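Each of the two complexes below includes subunit A, the first together with subunit B, the second together with subunit C.
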Partner chain A sequence: MITQLVASGLALGSIYALLALSLVLIHKATDVVNFAQGEMAMFGTFICFALLTRAGLPLPAVLLLAAPLGVALGVVTERATMRPLQSAPPVNALIATIGLWMIFHHAAGWIWGYDPVRFPSLFSPEPVEIMGARIAQNSLGIIAVSLLVVVLLYLFFEFTRMGVAMRAASMNRRAAQLMGVDVTRTSLVAWGLASAIGVVSGLLIAPLTFLDFEMMFSVLLKAFAGAILGGFNSLPGAVIGCLVIGVLENLIAAYVSTAFKDTFAFGIIILVLMFRPQGLFTRRIAKKV
Partner chain B sequence: MLEVSNLSARYGAISALNGVSLGVDSGRIVSLLGSNGAGKSTLLGCITNSVPCRMSGSIRLEGEEILGLPTDAIISRGLVLVPEGRQLFAELTVEENLRMGAYGVDRGRHWRADLDRVYRLFPRLVERRRQAAATLSGGEQQMVAIGRAMMARPRIVLLDEPSLGLAPLLVREIFNLIRDINGQSVTVLLVEQNARQALRIAHAAYVLEKGHVTASGAADELARDPHVIEAYLGEA
Partner chain C sequence: MNGPMRALLAVTALATAAFLFPGATRAADPGVTKDKITLGSFLPLQSGLAAGATQMREGADAYFKSLNEAGGVNGRKIEWIVENDSYNPQQTAAVVKKLVDRDGVFAIVSTLGTVTNLAVLPFLAQRGVPIVNPAGGHLLLNKPKDKNVFGILPLSSEIGESMADYAVGKLGAKRVAIFYQNDQFGKDQRDGAVEALKKHNLQAVGEATYVPSDVDVSAQVVSLRQTDPDAVILGIIPKHAALFVKEAQRLGWKPKIIGHNTVADPVVLDLAGPEALEGVYVNLMTAVDGMDTPAVKKANEILAKHYPKTKPGYYPYLGMAGAMIIVEGIKRAGDDLTRAKLIAGLESLGRHETGLVPPIEWSASYHGGPKSFGYAQWQGGKLKVLQGW
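Then we have the complex of A and B:
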């Protein structure tokens, strides 16, 4: 029982982790918190659904298209809304993302309707036996996909020219610019990547919760809680934070009350911001530079 | 080598430079003196197009207009800025910082050879190579900042107050290093508030006040100019 709860908690947590990675990616690259991240993920998932049902593409084809589609959504959004604000204070851009939230939210309802629809499941619901515990293949599949995204992201930041440039720009944008990094491009790449990862999280959650224009709200909340647990500026921190949130959520729902399933995330956000704003896992390094 | 003519720059409604003209001949060290807020950093920022300014006028690098070119295009033409306050990548090691310096040129292909060259210039950095930049002393950080710029194989380097916040002994060391770099046929435009040291190693100098060039000439001549003595060299 507890093993299953933990396993499905880790699966939930890794969906939150993907969205949290998107939030942290954009924040590190541009100092903007993209409140529309969840809605962009939902919007992208709806487009995938339309390709599946209206355009009649097979599910594997749609899954392959999801990432490039997410990139396109992010790039267009950045160009249209963030680029014009790039020399304005970050708070302007932040407020613009709240506007984007509204726009994606209502556009989705208006285009695809306000009723939840079933999204085909990507993995078999049949459980498999692992070390004496029966664990849903679904959970394992979700964890595997998320792990793949994390590994790809790691390789990108460690070993590609663009990834190195983005890490440098996130530490000191002016210095990176003076080294020849094109800092408008790093912002664009961050939005593209973040949006693609967000769409993957949407595709993973939709079969569990039904596809619905409201579906990302609680995911975004948990992603925020997890990212804040991890200090909001650390990609690994955000992943670990979200896994903790996912497992906690399951345990609270099972042993305390399902009523706290969503509200506890708010509690965590507030407690962490009050007592440990740098997150649970990051040491605060004294910065002389 | 570098020719700035009639350059004006404003941050929104605030005017920071008013028709500034100056020239830096190839192989020289030229100092730009001026007190806080005179517009020195803005001038260097305009030359590298790395400040949010509206600019007008002309900036020529070896005869070619570079005003308004993207920063990376300017760097790949051999002009590099060592910014005020060093601006290192705090969490990266010394060596990673230096490697970033080669990012914009040649896609960093010669970084190994260039790294050796920088370590020869700053032997003290060798033992610190695996240390995070944030943990270095101010003088060492300045060496990393200059070394990082040298990784781009510049033909001209702009230095913005390299002696800022350093102990007197280190200040001397840094200025001597700048002279060594110049000895390797790198042209230098040196912004300083430490006028005495700056004039000591410079061939020529300009004085910038409130966005205007108010004096210019050979360094030894300026060092005898009564106005410069009073405003920048003090009594000591």
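Then we have the complex of A and C:
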């Protein structure tokens, strides 16, 4: 039983991890925590679903369109809501993202209805057996994509001008600006990228959880918990944190009680914030003034 | 006696007369004219329950429309005003006040939501407004005590009892596990099932819960499988029923599964696919699409005509059943329609078959839901009725 629980937990954690990556990306680049990330991913996935069912495009074509579509969604949202708040205190932007959360949430229900729908999977439904545990091929795909995204983003942040500029802009916006970094551009790129990752994750997650306007609610909260556990500025840390959350959640549900499964994740957030606010996998950094 | 004083006296006398002999001064109660009866409803059209609420409205509305096309009831057409309450009891209170005081509805029919219905029962009782088919799970809705309330759904605990009886009695299960939603809806079913198992000298071998926001039930499935049940009872909503059977399929686990009526929803088939659902039993407290009876065929026809996009199922049938029953009550109340006569008409129904829900058996002393259930099984992507009501 325990191998199956751990395997299902890793599969579940990988779902959280995909979303956590886009949370961390925006935070790393703009110092804003985007509470609307999950709903934007859900909204984009619904657009893909409409392309599939109403426009009748084949699944691979929709998958190719997902990333540009995500970029467009992120860029438009950033221009419309974040740009005007650029010089306001960061808490304003944070509250605006909570507003966006509600807007995307209800808009999706209003446009596409409130029933869950089945989303076709790229992978065969036959589960794979690994060490006696059965895992959906879709889940293995999610794990592979998360790792790929981590590597690509790592390369991006370390070795491209834009990546370095983003890190600089989030550490000290004004100094970065004085050094010639175009901070409006870094913010735009970060939102576009994060939203693209979000929509692609939506396409991978929806076959497992079904597509509906509530699909990202608990995923977002667990992704937060995982990202905080791993360190909100570390991409690999966030992935590991989310996998840990997924596995622990399953073990608690099976051995303690299913009723504590969710509370537990938030218990972790609080404990980590109290005792190791920088997360388990990042070094403590003094706040630069 | 001067002018104003005389006028005052006259008004007082009239008011007293109106109070003492309501039938004598008023031709009818609010909401009834020579050619029209105005009814009302409140539904959570914008909420997590919105999909069901919309279908419920469409089912009832399709029936009223086809009734009006055929000339109405006793020469009067039905106008049905539906308000959204967003599944928020405070909003329900506001919209019901509007329906009763401003729109002057004659009665209320086919509403949805336990807390929202409960929130307005005292007001409706005080005003004497009849309410038929308040859909929810509570003693006051399913076994009403108020003279003006008529419920057509059973208690959730009775559904749980029935499912456990079916698992043990019909399917011969000795080891029964329960998977349920962690709220009143699920817990009542669980409690009913546990009670019924006790009568068979059994107890549940395993129990697990989920909350509606869960997107994964793998841990629950694994831990229930560990208890090795022959049968699993699901007190559940469609999405999580689909998640459950898909996870069981992934693990290659095949217990007998007996689900609440919601598992008969076509949404479950769409989400889980026919293979994962194969062999799952469902409790029936409304008709299902595949039932080959004249009443169901007629209902499907009416729905297809007015709402061609809506699939027949639990919510449309439930909404329509409420509409059919109140119309039958209105018919029996006769041409001189009053609320008191409608209530008398509904109480005179006795054992009454709509064909869309199990027969109701209303009388002056019982306004509650049915006591019998049907069962069906998913076979090759279709529901096959195994046991009628």
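Structure notes:
As a working rule, the second predicted complex is superposed on the first by the 271 of 289 C-alpha atoms of A that agree within 3 Å, B and C clash if a C-alpha of one lies under 4 Å from a C-alpha of the other, contacts with A are read in each partner's own complex, and residues count from 1 in each chain.
The definition used in the following text is that contacts are C-beta pairs under 8 Å (C-beta built on N, C-alpha and C of every residue); 3 or more make two chains touch, one makes a residue touch a chain.
Keep in mind the model is a prediction, meaning the values are calculated, not measured.
Shared-chain residue A:Pro116: touches subunit C; no touch with subunit B. Of the two partners subunit B and subunit C, it is C that touches the larger number of subunit A residues. Of the two partner chains placed by the overlay, neither subunit B nor subunit C lies in contact with A:Arg54. Those residues of subunit A whose C-beta lies close enough to touch subunit B in the complex are 87, 161, 164-165, 168, 171-172, 174-182, 285-289.
Touching subunit A in their complex are the following residues of subunit B: 48, 50, 52, 70-72, 75-76, 80-81, 83, 86-92, 100-101, 103-105, 107, 132-136, 141, 148, 152.
Per the touch definition, subunit A reaches subunit C in the complex via residues 1, 4-5, 8-9, 11-12, 15, 106, 109-110, 113-118, 127, 134, 136, 208-210, 212, 214-215, 217-219, 249-251, 253-255, 258-259, 261-262. Against subunit A, the residues of subunit C that register as touching in their complex are 46-51, 182, 208-216, 218-220, 222-223, 226, 238-239, 242-243, 250-252, 267, 270-271, 273.
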